[in-house]
């Protein structure tokens, strides 16, 4: 399902390049491939002769750089960039990254994908000690910790700081002589290294950006690792050895682009296997299988293939819906005005439909789609979800932070079926999901984070501990 | 394939509504569903108490109406709208429709989808008689003919004018007491009538707009017919009886939205049948079938289903490419920067691929995609086109007007295969196309226009006669 | 007084240049000097190798050409331009000039300053004969008349058309081989010819544009004259010999820039003489003379000089008021929020003030300023107007078309004084005005149009005849 | 002379209001009156129920708030605002004030007019102690000092901080329960308190803003004073007793609006007296006196009055020059294209002119104007400057920081006369300036800062000490 429709979102994508004569251009194209990870704002910082130059703005990448001069002015052979996911009401440019810090003796840029779980505590402590924060974002915390560190080298300062922050994070930093990429001890978020034919190193949240710019995949950043890329090449450091893989399973299910590989596994193929497994776990007699465009099409085609039921285009997504589009009033919506998604009457009329979706959050979208299909003449709508029920919030970088908004945290599958007005409803099992993804790391759940499904959080929850206790 | 990528385009979509309290809003939503038919500009004219109000602008619908007040100001119970397809270099607002004419004793708005083939001659004659044209568009001609008619009633003036213009046209007109919809004698372009639950009549280029606003399909406008919708209901007139169906087959193949029905036939289903027929006509051994997103996905799934070869997502289209996006230089493109379409390495690497596309125009795009797939590791790429070779220009509303730009007009299939670097290349036969679409009208080719494939133009060519002769 | 504050406005300025390598740039700078004559919209049309290129838009010149490429694209050695004055509610780009007409055998651009008094009649006649108008403006009429003329040469067609239109007009036309400038038989509006050091000819509404681009004044266009400028140099034609000078006296009083000369008389100097004459006609004891910025400062300094009373800056105009400025609500205005004009308390407190203004239209502005001064502590405010009472509408190009809005058409001077709350009020006499301007042409009022003051219209009123009769 | 033309500029204006239901609107109008003090950017922060809301942006006030919703969203009964003067190349929104700091336990907004002379040292010290700055501006320093203070109350923290910063400063602060206004110990910059009829307190850089919103002047803030305005009314504190008036004389000469009063003296009147004194000190025989619009018109009228030589409008400034205006190339400028200022040929031709200007910085503008007048036919141009020669840089808030750019620091008056091609050149004496202003405070130069004229800086120079020594 498209990110605008579904109520879950991830927090950002990062991209960096070292030693390419068109560094900021490359970063622009790289971020372009990561745009699905964040549409609130974007920014790029480049390095030219020990000076950092930056531009950032609200909106999509092409809006932020609508004036091509803005990109041309970001001169230099290295650059990092960021696309930010937007929560409502926080649309302030001050939160758009990369952050660019200018000190009397140094300049540093910082970009962040993830969420810290001890941010509130750290911020309070730092402010009590005189620190001044300028954004609402967690990201600044790392810089304060670095600047207050008494260690001698930058790597040591950074390592010290990374041992203080907790949660999910993939950081990119750019200084006047190196680019740094680092990942939390659980590797919640993806972060990969690539290389271009001219020798330039690239770091990106998803591998799809490597294909866009013609780079070759080198390897993934490891949990607890700091990668330093400089004119001396790539060096690896470890800020901690207490690591354990807990890769966000929602990246495979929903967030990542189907052409990305995460830890060696192609996302489209993983989704198609989820669909196949789902067909085996929960078969049903019907005339056709349809997927919710675009994120569930892979799973739907897998379901169709495994069940030998025809795969059809029963829903069409309008490609021209923009943020500035004038939305129908509630009254017009009730009269039937639908802009984003249409059911294809000529396909579904008089048919029994299997509707494959990747997840159910609040249930409102599912209900809307089931209705769409029935109004278009579908005689039965069997909903099949290619992931287990979402019943627990995430604190590592996905924007679902309370149980209240999760329908599966509050209702049984049968009750949800009733609410969304489906003829049947089934979810993929946890085991089915883990096997379909096919990750085989030596860690619980083969290296996946399954916390949204079973509440088994791979770390202590720090600032969120109390909240969870209160809510339970 | 997306309209921005492919080099063929159609000229516009029209939408109108009579007697709805939110007429201009409905028109906005209706045009939204027709946005794929034209992205150069858009406009709406509404009727309020005998006065017409209009707004039009360059760009996508949501850009033209970025300020919601512009829509609110288009008051009244009836409205017509237009989305215009853009040829390069003509981006002048003066050509954006609907045209709004204010006379001392009347006001008329006019919107047009199609292309006249005697426009040049008519314009010269009219100018020699003192007429002044204000746009480059053919559309104004009809109004000059109406205003110069000596007939008494508006219907008679309009009928007289419609007998003078030749070619492909679907016109919508709005006067101070009625809305008129009319179609050329061959019904080249689609034009359908719908009705809303409150009794409002709707006219639209494609039926997908009916679904968007919750209207019910009534019937298609017939060739040679004038539909008059007023407070007295719907009346039908005929301006000519010399009619013969020649519905544009490219509408089924490529232009129309998959959720539209044209003359009762669903577009997605027709495309899927084309894919199935193509599989039967031109089978090949391979590991997977992939379609060029988005317009060829239906045909690809049909091919997969009929051949029992897995349907995979081997190409991903970036959803965030905008007109203002900063494009890579030629140098960067050669280095491998690709923004619109990515091949999915994790899917195609080491595989034999059947690539289904709906058509080949110049061949450059096909060549680019074949290369993309091979660079991503595909071992074989077998191209299957779900329509016959495009070898003749169209003069009825599609922007292919010279043979020079058509690769199939100049090269054999085998030579094209070589040019696009495919391992094999096959086209759907004419018969396969006609049968797949499944139209059964009592006219040549069952009522389809097949001129681009075989040069059998259903009308004299008027202004284009000489050109054709010269070229042959 | 600034044009935004005062309720009278003129309709436009025109500028053209022939044979300069930076023709459109020159036109841009020329129009810049004429911006005070119209702020609704602007446009430029250039001539390059028999092709006309145009751009026009709503807003100030620098807004219309905010993107410098738009100007660069207007290539060629000749160009004409226009700035348009804006009446509310007509802000449609379709009315912005120059109009650019493309015929199958010719291209013509047309710009117009003035107002026709038989436009309604002509337009109706033309429409009844099949003509289609595209703007609300009078200007198109001339082009229809030219195109419908049966004469052989362009000059003859133009002459014929100019004998049909009546009223006030200064036209500039650009064809593929010449630029034409022509003036109505009364020379209501100014139109001057200049020449640049490289030989290029320039035509402009006001001479201030000549100084801006470093051109030398050659002569004024004469009433009834057509100037043709081509690669063969400048030729003069006469379309009529029935001419009589009636130069708009409001140009001297209020419209024109103080650095312009009209028929050889400098505008600032004329205004200063009006102030001096006013001081002699209507002396009063006071501590200081202040003028309403900016248009009345010349007259105020003249009054001060002639009366030997100090000239002070008692009112300050804010230079940063823009159209998009957020205006105070009525409530805030009543609380005293004033944005455009401030009285200088430190100057006027406790003083007797002579306030010089150039005219009174509705009286509301005068009342506001008198109050401002009294609230700032002025003990007496003696208003002196440097023109006679405005009691009659103008039909030749100034936007005062009904008596209702003219306070002097409805009240005695003493009553007006009471309404505007002044301690005394006096107007310059008609004779005083005529002598101060100092024009000495062999025509009534020495060649000035004094109709707004005495109703003595120099032409029949055509379409306005009935209205005038009805109102009296 | 207009600020855009002259190369000197001041750093900003501040405005605040406490306890007015339309607080942000009032601040908007107040800032509007201070727009001449800074055109790079503007911002407003409002206080609503213990929460601060802010908006700021690049450009003029009306551009920053072009969308009226932005202002409406700044709810609350109190607000402070800022207009920023722009140096080239620093156009980053991050420097636009007021700065809004959100701490876990407090929110504070800060606006600053002036320049610190120990900023570099303080910033380095703070950064070495872990502080992170986010802008290039000095202004943040105060907030770091406040947050790091160990004092108990906000007033004590603020007082401590104010004793550490050195230089010229007028600060406005807004917390969740009070507004603070404070001035440096020399009162370099103006800062006045007013009151509205509803009891609301207002603080403003210039009194002209009081007139704009209908407020009454209460008194000026004193050097070394902190004003606290809260719901308990106005309280005065002193952070130091070591104060000495050194009011910036350039405020009287050039910066302030003529309708402002500074320390009780009206700016226009002071300028007029400077012109009168200049006439007495440096008379010359001529036909007319003209001033450079707009800032020198007061002085010019004073010179005219004292010398009994007519005051004329010999230069006209185009009111429509905007930042986005397309500037002529060097070649076009040499050909005579002049956009901002025109000489009035009809006035100056054949005349001996006295040109009054308020100051000479680099001399380039003066030279340009003298040439303009001579090319327009002036036979003699006698330049009279209504201030002494500018020979020393300013470090307290005016943007002249090196001697290199000051022509009077490098050349004799006679040499300058030669450079600017004037027939004669004279400056007002220091004594003449002091007496014309008429301030009578018990401090050197009657309370004026005369450092730009004589190098007598009223404070140590801290960070600038070395530079000065090096340069001398």
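Lettered A, B, C and D in written order, each chain numbered from 1.
Criterion: contacts are C-beta pairs under 8 Å (C-beta built on N, C-alpha and C of every residue); 3 or more make two chains touch, one makes a residue touch a chain.
Since the structure is predicted, the reported quantities are computational estimates derived from the model, not experimental observations.
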| item | value |
| --- | --- |
| Shortest walk length in steps over touching chains, chain B through to chain D | 2 |
| Contact-graph distance - origin chain A, target chain C | 2 |
| Averaged-CA centre spacing for the pair chain D and chain C, given as whole angstrom | 37 |
| Chain B-chain C separation of Cα centroids, rounded to whole Å | 49 |
| Multi-partner residues of chain C (at least 2 other chains) | none |
| Touch relationships between chains, expressed as pairs | A-B, A-D, B-C, C-D |
| Of all residues in chain D, those that touch chain A in their complex | 93-94, 101-105, 120, 123-124, 127, 130-134, 136, 140, 143-144, 147-148 |
| In the complex with chain C, residue positions of chain D that touch it | 22, 25-26, 28-29, 32-33, 35-36, 60-63, 65-66, 68, 71, 196-197, 208, 211-215, 257-261, 265-269, 272, 294, 297-298, 301, 304-305, 310-313, 316, 318-322, 324-326, 328, 332, 335-339, 342-347, 376 |
